[in-house]
Structures are given as C-alpha cells and as structure tokens.
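Comments concern the structure below.
Which chain is which? They are A, B, C and D, in the order written, and residues in each are numbered from 1.
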Amino acid sequence: MNQTSWTGVFPAVTTQLHQDQTLDLAASAQHWQAQIDVGVSGLIVCGSLGENQCLQPDEKRAVVKHAVEVAAGRVPVVTGVAEMSTQAATSYMQDCEKLGASGFMIMPPMVYKSDPRETQHWFRSLANATPLSWMLYNNPVGYHTDVTPEMFIELADISNLHAIKESSSNTRRITELRNLTGDRYRIFTGVDDLFLESAILGIDGWVCGSGIAFPKENQQLWDLAKAGRWEECRTLYRWSQPLMKLDTHIHFVQYIKLLCQETGLGHEWVREPRLPLAGTEREQVLQIIREALAKRPA
Amino acid sequence: MNQTSWTGVFPAVTTQLHQDQTLDLAASAQHWQAQIDVGVSGLIVCGSLGENQCLQPDEKRAVVKHAVEVAAGRVPVVTGVAEMSTQAATSYMQDCEKLGASGFMIMPPMVYKSDPRETQHWFRSLANATPLSWMLYNNPVGYHTDVTPEMFIELADISNLHAIKESSSNTRRITELRNLTGDRYRIFTGVDDLFLESAILGIDGWVCGSGIAFPKENQQLWDLAKAGRWEECRTLYRWSQPLMKLDTHIHFVQYIKLLCQETGLGHEWVREPRLPLAGTEREQVLQIIREALAKRPA
Amino acid sequence: MNQTSWTGVFPAVTTQLHQDQTLDLAASAQHWQAQIDVGVSGLIVCGSLGENQCLQPDEKRAVVKHAVEVAAGRVPVVTGVAEMSTQAATSYMQDCEKLGASGFMIMPPMVYKSDPRETQHWFRSLANATPLSWMLYNNPVGYHTDVTPEMFIELADISNLHAIKESSSNTRRITELRNLTGDRYRIFTGVDDLFLESAILGIDGWVCGSGIAFPKENQQLWDLAKAGRWEECRTLYRWSQPLMKLDTHIHFVQYIKLLCQETGLGHEWVREPRLPLAGTEREQVLQIIREALAKRPA
Amino acid sequence: MNQTSWTGVFPAVTTQLHQDQTLDLAASAQHWQAQIDVGVSGLIVCGSLGENQCLQPDEKRAVVKHAVEVAAGRVPVVTGVAEMSTQAATSYMQDCEKLGASGFMIMPPMVYKSDPRETQHWFRSLANATPLSWMLYNNPVGYHTDVTPEMFIELADISNLHAIKESSSNTRRITELRNLTGDRYRIFTGVDDLFLESAILGIDGWVCGSGIAFPKENQQLWDLAKAGRWEECRTLYRWSQPLMKLDTHIHFVQYIKLLCQETGLGHEWVREPRLPLAGTEREQVLQIIREALAKRPA
C-alpha cells in the first residue's frame, strides 16, 4: 500500500471495552470490520475517540497490533499519538512501527500549551522517530495548541508529514491552506458536523467520528460529495446532522459509543475518568439518536 | 415591489463621509449606484458597515431618505436598526417608514446583553412598530446576544419577520434552522468569508460586506452558486478570500472603506470614535488589498 | 467643594422608575438621600446601574438636574457618560456642566470596540469637552475595551482626568497601577465582591453597587478598611458577599433594584429592553436576598 | 509529623535538570534545601512547576524518593499527581506512599475535561488509593476542570481530603468556601500574584511558585500577613509583583527556572516539549527579573 496517498474516509474508531473497563478486542475487531465492509480508506485507532489518553501503554500497543491483524493489508492502520512528553511519544511510535502500523495521527503535546516554536520542535522531533507517514492533527479547541496555515508553510520540508487533520472548527482554514500551500498536504476534515462545508472547499479526506455508527450513510456522504452530487449530499447531510453533532460535545466518546450501541456496532462502556452516561443526559441523547434513526433513509 | 420575497445579494453599504467626518451623500449615492448596476437585489443602509451607531439621529434619517431616492424603486432599501433602547428603535423605525424605506435589519439591543425572554420581547416590540418586513440580524460574536434556532421557532408567528441574517460564524446554524424551521424564514448569510460554506447548505440571500468594493465578482459568486457551478464558484472564492477576511476584523469598517477607496468606490474616512487606519496596520491592509487586486480575474 | 479630591464611597445610584417605565424623580430623590444620610462622599447618577443607555437624552439631563438639587452641594454629583459617538458624548457633557454636575464617570465608546489609539483619542476628546474632573471607568468585561496600566501612563497629562474606576475584575491591576503611576490617579474599585481584596492593596475610593441597598453596612465596610480594622471588615464582608455578588451578573440592574425594594429603598421596575425578573430566577434572587438580610448584623 | 495540620508556605519546587534534560538530583536537593532553610512548612515536588507531566514514570518516583531523603522529616513532602487515567494515578500514589511521601496534591484528570459527576468520582477513587492526606488542586484556568465551592460541600466526607489549593484566580472563591464550608478545609492559595488579596480573606497556606527563587522575602510576606502587619506586607508585595507575575504565564516553568538561575538557586534547563527561552522573550524576562532584583529590599 502506498502510504503517500491517503484519501477518502478514515474513521477514527473506538476501542471497545467490557463493562469492567478491560479491553474487548473481539468487539473492537467487529466494529472495525464494519467500517472496512463499507469501503473506508483507512482505520485510525487510538485517537481521541479511541480513548488513547486513558489506555495504559501496553494496552495501546495491543490495540494497534490487533488492528493491523484485522485490517490485514486491506486498508492502512493509523494510530493516534497523544502523549505528554517527547520521550513517551517517540517510544510509542517506534513500537507501533514494529507492530506494523502504517502511519500516525500526531497530536500536539498533551497538557502543555506549547508556543509556535515549541510546537514545531515537537512535530519535527516526532517526525524523526520513524520513516512512516503521518497526519498532523490540529484541534486548538480540544487541545489548546494551534498550528496555523503559516506554520504549515514552515513545516512543509518534513518529508513524511503527509496530511493535515483540520479540526479547528474554522473552515476558513481550508481555503487558507489551499491558497498558501496548494496541494502540498492532503487535507482531511476532522469535524463531522462541518463535513459538507469542508467538502465544497475541496478536501482530500475525512477523519469521521459519529459516522462509525452508521458507516454506510457516512461513506455515501463522501461518495456523493466526490461525485459532485451536492443536492443529494445536502439532503443526507441534513438527516445526519443531529448525529454528527454528537461528535462536538465534551462527552463525544460517551455519545458515540452509545450511538454505536444503538446501531449494533459496539457497547457504551468507557474507561475512567470517563463514566457511562446516566440520568437525564443519557435519556436526551438516546432520544436524539432514536429520532434520527427513525428517519434513516432507506 | 413585493417585500415578502427578499432573496439574492443585499450589500450592506457604507455611509460615505467627507474627511471632516460630515456626511457625503453624493459619494454615498455613487457607491450605492455601483451596487445596483451589477444587479444586486436590495440595499442595506445604516448597518454596522454604515456606521449606524456613530451617526446622529437626524443623519441616519437623511441617509435613508437619500437611499430611497437613489434606489428609486429599483431595489428595496432596508435600514439597520441599532439602538440601545426600545423607544429610540421604535421612533427610528416609524420615521423610516415615512421616508419610504422598504424594511429593516434589526439588531438586538445594543450594549445590554438581553436574556432570551428579553430578546424576544425586544424583537416583538419592534416588529409592532411598523408593518414593514424585516430581517433579524443575529451576530452573537459582535453583539453578544444570541438568537438560537429554538428561539426562531418561537418567533415564527411574527408575520413581518421575514428573514434571518445569520452571522454567528457557525454555519451549523443554517442546517439547524432548515431542519427546525424549514422554509419559514429567508436565510441570509452575513459572513463573507463563510459564503461558500453557507451557500452549499442552501441559503436565500447574502448580506455582503467586502464585496461592495468589487461588486461584479461578488455578484458572480452568488450567481455561480445559484447555478450550481460550484467548481467555478470555489475558484473565485479562493481568490476573494483575503478580501473577504477584511469583513471579520474589529476594524472591518476601516478596512472595507479603504478597500472601496482602492477600487474607486469610496473614501477611507470614518466617523469617530473610529479613526482612519494609520502606520503599519494601514500598510499591511493595503498590501493584502493590492496583492488580491493584482490577481483579479479578468 | 474641591473637585480634585474624590475619595471614599461614591455609590452608583439607580434611576427609580414607575411601573410604566417613566421616571420617578421623587423615589429617586429618596433613594439618593438615603446614601447621603449615611455619609457617602459622592453620588454617581446615570451609570450602568442608573440605566444610562436606556434613558432618552432629555431624561438623562432631567436626572442630573434633579440630583444636583437633591445633593445641594453636600456631595459632588457625578454622571456616567455612556454614548456611542463622540458627538453625543460631548454634547451630553456640556449640558451636564450647565446643569451643575461636578464631574463625570466616562466609559469607552459603547458598542464599538476601539483599539488603544482610538480609545485614547476618545478619552482625550471628551476630556476637552468641559473643564470638570472625571474618572475613567475601565470595565473590559462589560464594555469590551481595556485601558491598561501602560495606557494610564500615557494619559497622565490630561489634567482633569482625576480618577480611575478599576472594574476589570483583575485586582492585580491596582498594584500595577500603583507601581507604574504612583499617586497620579485616585483609584476607585468598581467591583463590589472584590472590595476587600482591593482595599488591602491601597485604594482611594469605591464606586459601590449592591451597597446602595444597605448603605449603612456598606459605609461601615469602607470605614473599617480605612481604619485598618481588617478582622472586623472581613467578618462584615463575608456577610455581605451573597449580596455583593448580585452586582456582577448580567442582570445586576434588576437584581440590585429588587434588593433595594426589599430594603425599602426603591422599586424593581426597570426600563426596556430590560424586563423585571420573573419566575424561578426572581424567586432564587429573593431567597438569596432574604437569607442574607435575615443574618444582617445588628 | 501530624499530616492533618498543613499550614504555611508550601513551595512548589522545580525538578532541576542537566542541559541534556536528564535529572539533576544534586541541584534539586540544593534548591529544596534553600526552601527548608528559610522555614517553609512543606515541600511540593512534581507539581506543574516540577514538570510532572513531562517526566517518565520512574523519574517521578526518583524525585519523590530523593525529596523524602532531603527533607529528612523536617517538613512534609507532598507530590503532585497529574495523570491522564485513574490507573496511572492510583499506581503512582501507591508507589509514593511506599517511598515515604507525606501526601499528595491531586489534580483533576489531565486532558479529559470531566463533568462534575466524573470529577467527584475521580477524586474519590484516588482518595481511596492510600490513607495519606491530600490537597485538591483546583485550577480551572490551567486544567479546564472546575471544582466549585458547592462541590466541596459534597466532597466533605472524604476523610483524607485535607486541603484545597485554590488556583482559580477568582479570590471570591475563598470567601465562598469559608461561607459554605467554614473550617472544614485548609485553604491554600496557589496564585502568587493574588497572594495579598487572598491573605486578607483568611487562608491557611500558600503553595508558592515564583517565591522559590527568593525564599526569604517570600516567607516574609507570609509571616507579615500572619502577624497582621498589612502595611509592611503590601510594600513588600508591590516590590514582588513583577516577579510574582512570572507564575501566571503559559511559560511559567521557563520563567521561574530562569529566575532561579538569576538568584543562584537553579538552572534554566527544562524538559521537552518545553524549550528554554530564546531571543527577545528571554531578554524581556531577564530585564523584568533584573529590574526587580535591583530593587530587592535589604
């Protein structure tokens, strides 16, 4: 597989757990397989949605190993890198290379809000850890560090920096990146409920969240946009919006795991410090989910 | 003219001033005429860009009177309503009705950050001031009061509330409004540099800012989107972006007036407390403008 | 009275209204008199708490005229200046000078978020409107324009700029101002529920809000702090805190007018776009008020 | 030593590093000893200032072990707990208990912004990990999770939850906590440049940052406040403010380490992703430091 041609839908998949919070690799495999079945172009494990930060070091590696086996070369397996220190990140990346991962989705340092100089140093240091391709995950809303379009000009000489996951929630960034960096980077959107807005601007891929629970429609959204069938795409997008919005809440992991449970693709169990939803909140989210699923297009 | 069918481009035009800050109605007329020449569908005077808040009560009325004369029935003349008290707003609206205005673009109370109950009361009170059609200008970023999609459901019984100027900078709102209120409202975007993102979602109109300085291309953007010629629209949109961004800065009035000066459609003079740009900032904005104009499509 | 020696408690008093929203000058006078009775050092009418922005131009002037008569030279009458344009502000100030006001509490331009150059120009322009003393009201939280300690160094040559009302809610500013400008300015705090924190840092005065409803205790807080009786001051401050907090909510006008009603010093009627409190919110605020009053020190 | 009586100054000390980023335990010991020499009441290692999040698991344990040896029972050694998962936190705490730590300063989960239910669950789970006393470090500005005074009422039954490090930068919280929870908790302030404001409100301790570089004056500030010598305290506080402010910047670790270097109590080396200061920023911080030190009281 040619690692320098990431494009299409790359779902950020969950790490399925048993109710006692231990890894459920079998259920995870089933969940991942459902994505591959509808034709996604890659799998991203151990992203935010994969609860990366709450897994133990050996668990993350077990997830990657298992995903490589399940994918079996059909799609690239990309893993999130979400560490607080350069050392922890580098060591994780090198282990994943040995386990057969195809590449990385690298986040800025966790917790520390690095300044632009430090941010660039961080990404350069990690880029050197392995020769594998990686996408830079820019999410200043969630992770408090921003990689601006101007900074992407400066980073352009990093040869294995292949793609950008643009999750700033500011779609202007896509046009700015195109105007400033042309086709240097594969641009993925990472914000489900801005998918159509992003697609019309010209993107290469989509790291989807909510759609892992309704992979067929999600893939359809992508295919319609790629085919320029914008009216149909808009209709489907309007249907999906209440579900897509589940991805942009602090509790997005709990919400999307519950959504997966409702569509038969997983369980709602999460790892602490997250707790499964309870009370009114769980009821309200279930109502949103069930209302949307009741109107699911044939 | 049928006031219940606002659609298309409604430029929010400037109030041209002499260097001594007095009204320059002749230059204003020339600026407004340039918009009508390219086929805009309405004129909005005394909006934020028209420096409403810094004009004296009699000056605002003079501007409306003059615009009605210039438009001469060719396009509706809509005036912004930006007052701090219910009394001032009501009295202004009634005067404008007598002056021949076609309708209003009503902002929430200035300064006071009304709660949802008060916000609804405000808009209902003002709706009763005249029978003219109006659009509700929602701009929580600029004016600190938010009218949510849920609130628009509640406001739906106001018969002369015809349109929404959605300027939250959150394009999700457009899909939410469509899902919740269908075609009840004419939805206008008010954010230039989110125009394409908004257009693909299905909108009825555009209250444009920057484009008043390059009205031909601005009208083209709208026409291409309406015709479903999205690729061409995107190309033109990418060109326009550095200019469109001038509309989403605190100094947007100064920036766009300077842009108008560069394209021969006005002067940079503004009313205090605004000051004309100076020093490095003026140089930088001029550079952005001149670089963009140098690449202006034939 | 020597205008260059403002110090002590300057209550920002309410403008009392009838239930039909018209001015109630008699009730206002009673409310103002109650402040003078306990020994305050000045009266501030037409501040934010005086609903300046929602009064008509002639009403504001009527309030000032009446306050000058009520004060009868016993304390200086200072009026807020809260206008959207330089012209409106200047004209208001000149009228108030003729009406016998002692000075002004000037806010930055309303609505427009001026940059530092424009902010300084605004204050210099208004300073020239009359020879009367004035205090600069700095409240970036409420009015979105910030006058930093560095800017106060630059403004120091304005001879009638006598005092600062520091309402940034950042008490560090007081120490910074002292370190940078020494005793050039009379420093007033304008944040009730940071009074003790501000007093220990060394201030000259207090523009109080909530305390206009319990003027005796409020004056006591000031007197205890001035006397260095910090332990007693802290005890009284802890008692007052639930009431002081009413001053730092968006609905502070409604809350404090309701509080005044409960202590017999006014009515809860407010001018639109504000509405009197209703429902649960009114009940909750009443409960806070009544619980605090039940524990009122003898 | 009685663990249930933490009071006084507890400096949050640095972890000294060699230029190659490896631990410098000897320099750390010297730095810690300087604190003990001036009479501090406790030592907090592996806090934010101790670069907890960027140390490897075994390094943190080495720091704690060494600090216990250096303290040698003279003052309690408290360690920060800053982990992304319950498992990592629990395991760290149990190891530290074995190493002889006296207690903990526990932060909310890193990265994940837990809701109030999850936040309480997190703190309860960690409280059960060992019988040692701990303080809850509340810093919503830095760590995005807030423990409100109301939540502290609910947490009051946790027997080894001994103290609160209040770092919300909102001093009102101290009065609210006193009004709502009386003397249930030892209240420490964690915000250097709000020390005097906090002290006047009645606090039990101070987790200081900047002051680790000038421990004598820092201890004096505390002693003067405790003695009610407020005027002298204010004078010293004004002197210290430019240095205290170094603690409330994103680069506070770099700034304070540089400050320590200037006063002979450490080195400026930091662990990646942090980088040592460079260029203009380093010059400006050095200038602030040197100007303040030049005026150091005799």
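In this section, a contact is a pair of C-beta atoms (placed from the backbone, for glycine too) under 8 Å apart; a residue touches a chain by one contact, two chains touch by 3 or more.
The structure presented is a predicted model; accordingly, all values stated were derived computationally and were not measured.
Between the contact lists of subunit A and subunit B, the overlap is empty. Graph distance from subunit A to subunit C, where chains that touch are one step apart, equals 2.
Ranked by how far their CA centres sit from the centre of subunit D, the chains are topped by B. Subunit C and subunit D have Cα centroids lying 38 Å from one another. If each chain is reduced to the centroid of its CA atoms, subunit B and subunit D end up 51 Å from each other. None of the residues of subunit D touches two or more other chains. Chain pairs that touch one another: A-B, A-D, B-C, C-D.
Put simply, subunit B touches subunit A in their complex at residues 171-172, 175-176, 178-179, 193-194, 196-202, 228, 230, 234, 237-238, 241-242, 245. The residues of subunit C lying in touch with subunit B in their complex are 53-56, 82, 84-88, 109-115, 117-118, 121-122, 125, 250-251, 271-275, 278.
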